[in-house]
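Structure first, commentary second.
In order of appearance the chains are A, B, C, D and E, and numbering begins at 1 in each one.
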Amino acid sequence: MAVALSVRQLRRDFGGVRAVDGVDFDVGQGEIVGLIGPNGAGKTTLFNLVSGYLRPTRGTISLFGEDVTGLSPFRLARRGVSRTFQVVRPFPRLTVLENVMVGAFLRERALRSAEGEAMRVLALLGMERRAHEPASALTQAARKRLEIAKALSLRPRLLLLDEVVSGLNESEVAATIEIIRRVREGGVTIVIVEHILKVIMGLSDRVVVLDHGKKIAEGLPVTVAQDPQVVAAYLGSDDA
Amino acid sequence: MLEVRDLHAAYGDAPVLFGASLSVKEGEIVELVGSNGAGKTTLIRCVTGLLRRRRGTIEFKGDRIETHPAHEVVDRGIACVPEGRQMFPSMSVEEHLLLGSYLRRARSRRAENLSRAYELFPRLKERRRQEAATLSGGEQQMLAIARALMSEPRLLILDEPSLGLAPVVVGQVFRTIAEIRKLGMTILLVEQNVQKTLRMADRAYVLESGRVTLTGTGSELLGNDLVRKAYLAL
Amino acid sequence: MRLRLFAIAALLLCASRPASPADPIRLGVITSRSGSFATFGAMEVAGYNVAAAEINEKGGVLGRPIELLIEDDASNQNAGLAAAEKLAGQNVPVILGAFASSITKPLAGYLSRLKVPLVNTNSADTSITKPGSPYVFRVGQTTDAYADASFDLIKSFPDLKTVAVLVSNDALGHSTEASVREKCKKLGYEIVGAQAYDRGLTDFRPTLNGFKSAHPDVVALSSYEEDAATLLRQAKEVSLSPKMFIAVGATGYALPQFITGAGDAAEYVFSASPWRPEAKFPGAQDLYKRLVKELNAEPSHHAAKSYGGLLAVAEAIKKAGSTDREAIRKALREVKLMTAFGPVSFEDKNGFKNQNPAPSLLIQVQKGKFVVVWPKEVASGKPAYPTPPWEKRRESN
Amino acid sequence: MDLIGFVQTVASGVLTGGVYAMVGIGLSLIFGVMRIVNFAHGEFMAVGMYIAFALFRSFHLDPYLSLVVVAPAGFLLGAFVERVLLAPIQNAAEHSLILMTVGVGLILSNSLLLIFGAHPETIYTSYSTRTVAIGPVTLSVPLLVSFALTVIVVAGLFLVLTRTDLGRAIRAAAQNRDAAELQGVDTRFVQTAVFGIGIVLSMAAGVLLLPALYVFPTVGGIFTLKAFVVTVLGGMGSIVGAIWGGLLLGIVESVGAGLGATGYRDAFGLIAFLLVLLVRPQGLFGSSHV
Amino acid sequence: MSEAATPVLRSQRVQRRARAALGICAAIAVLAFYPFILPRALNFGVSLVLFAALATAWDLIGGWAGQLSLGHAAFVGLGAYTFTLLQRAQVPMWLALLAAVAACVLLAAVWGFITFRLRGAYFALASIAVAEVLRIVSNNWSSLTGGPEGVSLQDLPPLFGLDLYDRRVEFYLGLALLFVALMSALYVAGSRAGFYLEAIREDQDSAMALGVNPLRVKLVAFCASAALTSLGGCLYGIYLSFFEPQGVYALDLSIQLVLMSIVGGMGTITGPALGALVLLAFQEGFRNLLQQRSLLIYGIVIVLVVRYAPDGLSGRVLRLYRRLWPWPSRSPSAS
């Protein structure tokens, strides 16, 4: 299996705080990898590093065999990296369709074709009926979905999903999981950060666990969930 | 003492709480557990007045406080150690403590409370002139707790006090909380580290997707597999 | 509905009926009634009103009274042009205005193209009448006239050799500096310093200190009123003591505010001035009183110039015998008047066109009052010279 | 310029710079707590100058004494503007806030124009032209007094900010709003108070400059720009920075003008401002908080 | 609702754009008769089309991209000066025009490159400083610019047999410029570039995640705005035939353009031009009546618009229109 994303000795300091501390991991092409860890473990920082929003203090990131360390977010986007934001960020004064079109323009320069592409993505997410509503009028669940639609509109090779199901109810969660599966079937590599472990466990081929900026475990979901170190990281341990 | 009923809340258009209820009685230590995104911090923000609730009531010592701004809630006797400690980066340790007793009703015994705080946290006394930004995470957490105590609260709310701290420091923090508890303080604790804290708690609530799904005494819940599941969201 | 239509038709008929002899002659006036030049605009309006009242008291022109159509240019070029178009559209034979050179210049170009005579009374910028246009006339003196008078005085004290120039960084200031440089070159004075400063918050001390080390005999100035007082106060502070302070550019130093603003620091300062009530022109004192009455405040020379300008226009209409623009334009060149403002005529001289060659007065602050000291024919006192150094003055206080 | 001239020039730069600093501190304080860049800052200053001018004209009240009237008037005016105009839109887009203050500035300067006319006004006091000589250097008495009062006001502000509960509440609100609320600080009140204090500083600076300068309705625009330069040089939101920024601007302008480029005087400050924005957007003196 | 079932495969924007295109053509056609209808208010007509064009040009960067420039007078001034000085030096007119545009685009590129890294208020502050520095330099570099005395155009040779000093010719030139400016806005409203600009305005970080290079997009918009503004500056120079640094580099001029856009509606195709019409008509209509009060009223207008109609007049009108005729494709559940 070819390697889609490879992270080596990645480190990021904020002032005196080391938010990500020497993390290594690989994501194979077509894989879904879950990134988990308790609050403050450094997951979002890691995402921001991989998507170019932060520059690593040390370490390298490579994408499909090419070193992309330190590239800006839009350059990475053009190379096929697409991400969602934990706090969703629609463009409020644009309509749903127009929001997605911004991304679609990356591959389709003409207005009509971008519109068609955006409509196609919205249809995939079952949002075509809301295409002409202003994004500011959407509910939180719809916004989360729009966030995914925007990310997909780039036709990414690597998709980074940051808590796309938190705050959704059960049926919405199920629908989103279904969408993610379908995206993967389309050949997209996916890294997903999620607090709801159920989702991660059900979706991921592999799981990487972070705590205090360090990788503490990696492996199959079932194995990782039993790892005492992981349980301790989440629930705390008696001896400390 | 604190009675939250059917609380609904949202950030902007994004609803987070869907009718959560809980109560804290005088002298109790009550714990609120739940996975991230379940709405724990949102609930705390509503209680402290930092976030206006959509629906529902919050009662403190018999008075409705859900429409009070935060500074009035503090005045009524609820102090909060917020998530992430929330320091004033370029103010000194002592200035933090003085601000803690900003309220008029706490000013008269300011000197007394200050020396008591230094007694409780001798480390802070050593660093009283130092700016908060230069303190370690553990020291900042201690300062946040000491600052909250300066307002002479009746109810102390602690939101994830162990967040981002090294395991050794986490132990210190919990020991401190236990000590404060011994002084007779009523405490509402939000924690991730359930193994350790449920033991201290008189009662606990499990919050899932904006609703309370489970409640019981600390030790009951400690053995309950459902908590483990809720927490890990398995 | 039908009634209203009739009314409108009737109005239109009235408007288009031929002028009867009793109809007033409507003259256009453009000045700054609002914006940064509004104070001066008020002076101009007062001058025009006093002149119009005087003309109408004497039975008007060609048997018709004069009426002024006053348009505001809001101290802004664009609004000035709109005003000019509006007036030209109302078929006024002549337009008087505007106050600021920056507004007068676009007006001059525009009205020349429309072939409407423009009589300017107060703009100082040389280029308005040099090279000028056949349709543009100016009553007020140019900076060259100020420099002529100033150097006549300077020449009369042979111990003066060196000159330092400090002017405001604007059209008037630069014009003044150019005139002074030309004079110095011609008469053999050495320029030992020349600076221009921006209006507004101004600390002149560094510049004045710079001058101090050059020891000029004459410090030649040009400033708006607010700067004038500040400048002299600061000259006192840093003890810059030339033998003569002379304001060649005649704006700020010739106004009463200069004396109140600068206090004792204003003493001995000479200034060119287009007009003073003390000058011995026929009716000058009377004009002053009428202006005070009109304004309810102390009038400035701007009002007097505007007064003179309107009298000249009335004279030209009389000479032309009609309100035809071309006839008036030709007649304006024939005007030779002596007014309470001074002589008014429009001549081509030294590259100027249609420029009133009236000489400038020189005045001096003596014991808190302006005294006209030059030219001798109209003077009300003698120049006090040399200016004592500041240290000496302090002792005498 | 000889050495004495140079010293003299620097000295007058320092004195003027002190007043610049005071204007800048007000702007910086407001920005630090409210995150609003007050584009009407200089216009408020002009209002202060005119109040002092009117009091002098009508009652012969010494301009320095008029501070007693101007300071509370400024606080009320600032508090009013904050409550009525700024607070309702505090969550609006940034350009709305900027435009709101631009609008307030236009209203202030044009109200002054209507009331006092476009005419520049000066006041002449017995000490307006008085100087003291320190060795060969002569200094203007009004500027010295202004500088001394600036020092007193700034020192007083420092004491308030560091030694009083209100001051600590202001700093706390600037550094972490929510946390300040949790200590019982009414941050709405603090915002109003801070805008009021900022305006008091601006108007007081106007009063202090009046005996040495003159006032006209649009003088504020010049000072708004100077205040921006001062605060950006020193780092937006930093009070200590504003002090250094003010002194630096005063000296740069003074020396630049003294070296013979009087006309470019204002450009020096602006170019320095652009360079600082380019190289060190956080200001020359770090970004320590209010 | 039956329409809801079959989604319209065209964004609102495209429909809006089609409507706006029709509206623009109609408005330009009507305006073309202006010199015949109001032959005695040509000065007003020229300033109307000129300022409408300038405000539309400002809005490209100010409204669409959300970069509040308070220094656009820099382009008006630099354009007018470059054109006039070259024209005085006997450079052919078209070359002078081209040079004016080039100078402004170059200025915009450098200025944008430096200050687009700053956000919000800092950008606004820096823009004031740029225009001020240019003003001061023009004021002092007398040998080149004529200094504070200003500069006047020499006699302009006729352009294609037309006298450039004829107000009617100036009017049609201004109208052409307005047409170009509105077409640029129309293009922006329905193209990739426009989507990118709006995305940056709404959320720059999120836009970057979608492959938008904010610096580049903003620079292009700024340069386009500068080019249009410089042409307006040239025309303004011809119209005044004399100008000085104080007038063409004035902060007041910059603020006036911003104000027109706000009153009409920032980030809309026709809003800024509409705002120019409203404000200029107001100003001219009440010129003698308002006198000193006009700027005071400007201030009050700004405060009221920001407070009560932050989307501008056209935003208000649009909302009213939508309330009366809701979007056909909007599903009932969403309202």
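Keep this in mind: a residue touches a chain if its C-beta (ideal position, glycine included) is under 8 Å from a C-beta of that chain, and two chains touch if they have at least 3 such contacts.
Just so we're clear, the structure is a prediction, and the values are computed from it rather than from any experiment.
Asker: For chain C and chain D, what is the smallest step count along a path of chains that touch one another?
Answerer: So the least number of steps between the two chains is 1.
Asker: Please give the intersection of the contact partners of chain A with those of chain B.
Answerer: Looking at chain B and chain A together, no chain touches each of them.
Asker: By mean C-alpha coordinates, which chain is most distant from chain B?
Answerer: Following the centroid criterion, the farthest chain would be C.
Asker: From the C-alpha centre of chain A to that of chain C, how far is it in Å?
Answerer: A distance of 75 Å separates the two centres.
Asker: What is the distance, in whole Å, between the centres of chain A and chain E, each centre taken as the mean of its C-alpha atoms?
Answerer: Distance between chain centres: 41 Å.
Asker: Which integer distance in Å separates the CA centroid of chain D from that of chain E?
Answerer: That pair's centroid distance is 33 Å.
Asker: In chain C, what residues contact two or more other chains?
Answerer: Each of 35, 38, 169, 196, 198 in chain C touches at least two other chains.
Asker: Quick check on chain A: which residues sit in contact with 2+ other chains?
Answerer: none
Asker: Among the residues of chain E, which are close enough to touch at least two other chains?
Answerer: If we look for residues of chain E contacting two or more partner chains, we find 136, 139-140, 292-293, 295.
Asker: What pairs of chains are touching here?
Answerer: A-B, A-E, B-D, C-D, C-E, D-E
Asker: Please give the residue numbers of chain C that touch chain D in the complex, ascending.
Answerer: Interface residues on the chain C side: 35-39, 169, 195-198, 200-203, 205-207, 209-210, 212-213, 224-227, 229-230, 233-234, 236-239, 257, 260-265.
Asker: Under the definition above, what is the set of chain B residues touching chain D in their complex?
Answerer: The contact residues of chain B facing chain D are 48-50, 69-71, 74-75, 79-80, 82, 86-91, 95, 98-100, 102-103, 106-107, 147-148, 151.
Asker: Under the touch definition given earlier, write down the residues of chain B that touch chain A in their complex.
Answerer: It comes out as residues 10, 13-16, 35-37, 137, 160, 162-164, 166-168, 170-171, 191-197, 209, 228, 231-234.
Asker: Per the contact definition, I'd like the list of chain D residues that touch chain C in the complex.
Answerer: Touching chain C from chain D are residues 1-2, 5, 8-9, 12-13, 16, 113, 117-120, 122, 124, 128-129, 131, 138-140, 209, 212-214, 216, 218-219, 222-223, 226, 253-255, 257-260, 262-263, 265-266.
Asker: Could you please specify the touching residues of chain D with respect to chain B in the complex?
Answerer: 162, 165, 168-169, 171-172, 175-176, 178-188, 288-289
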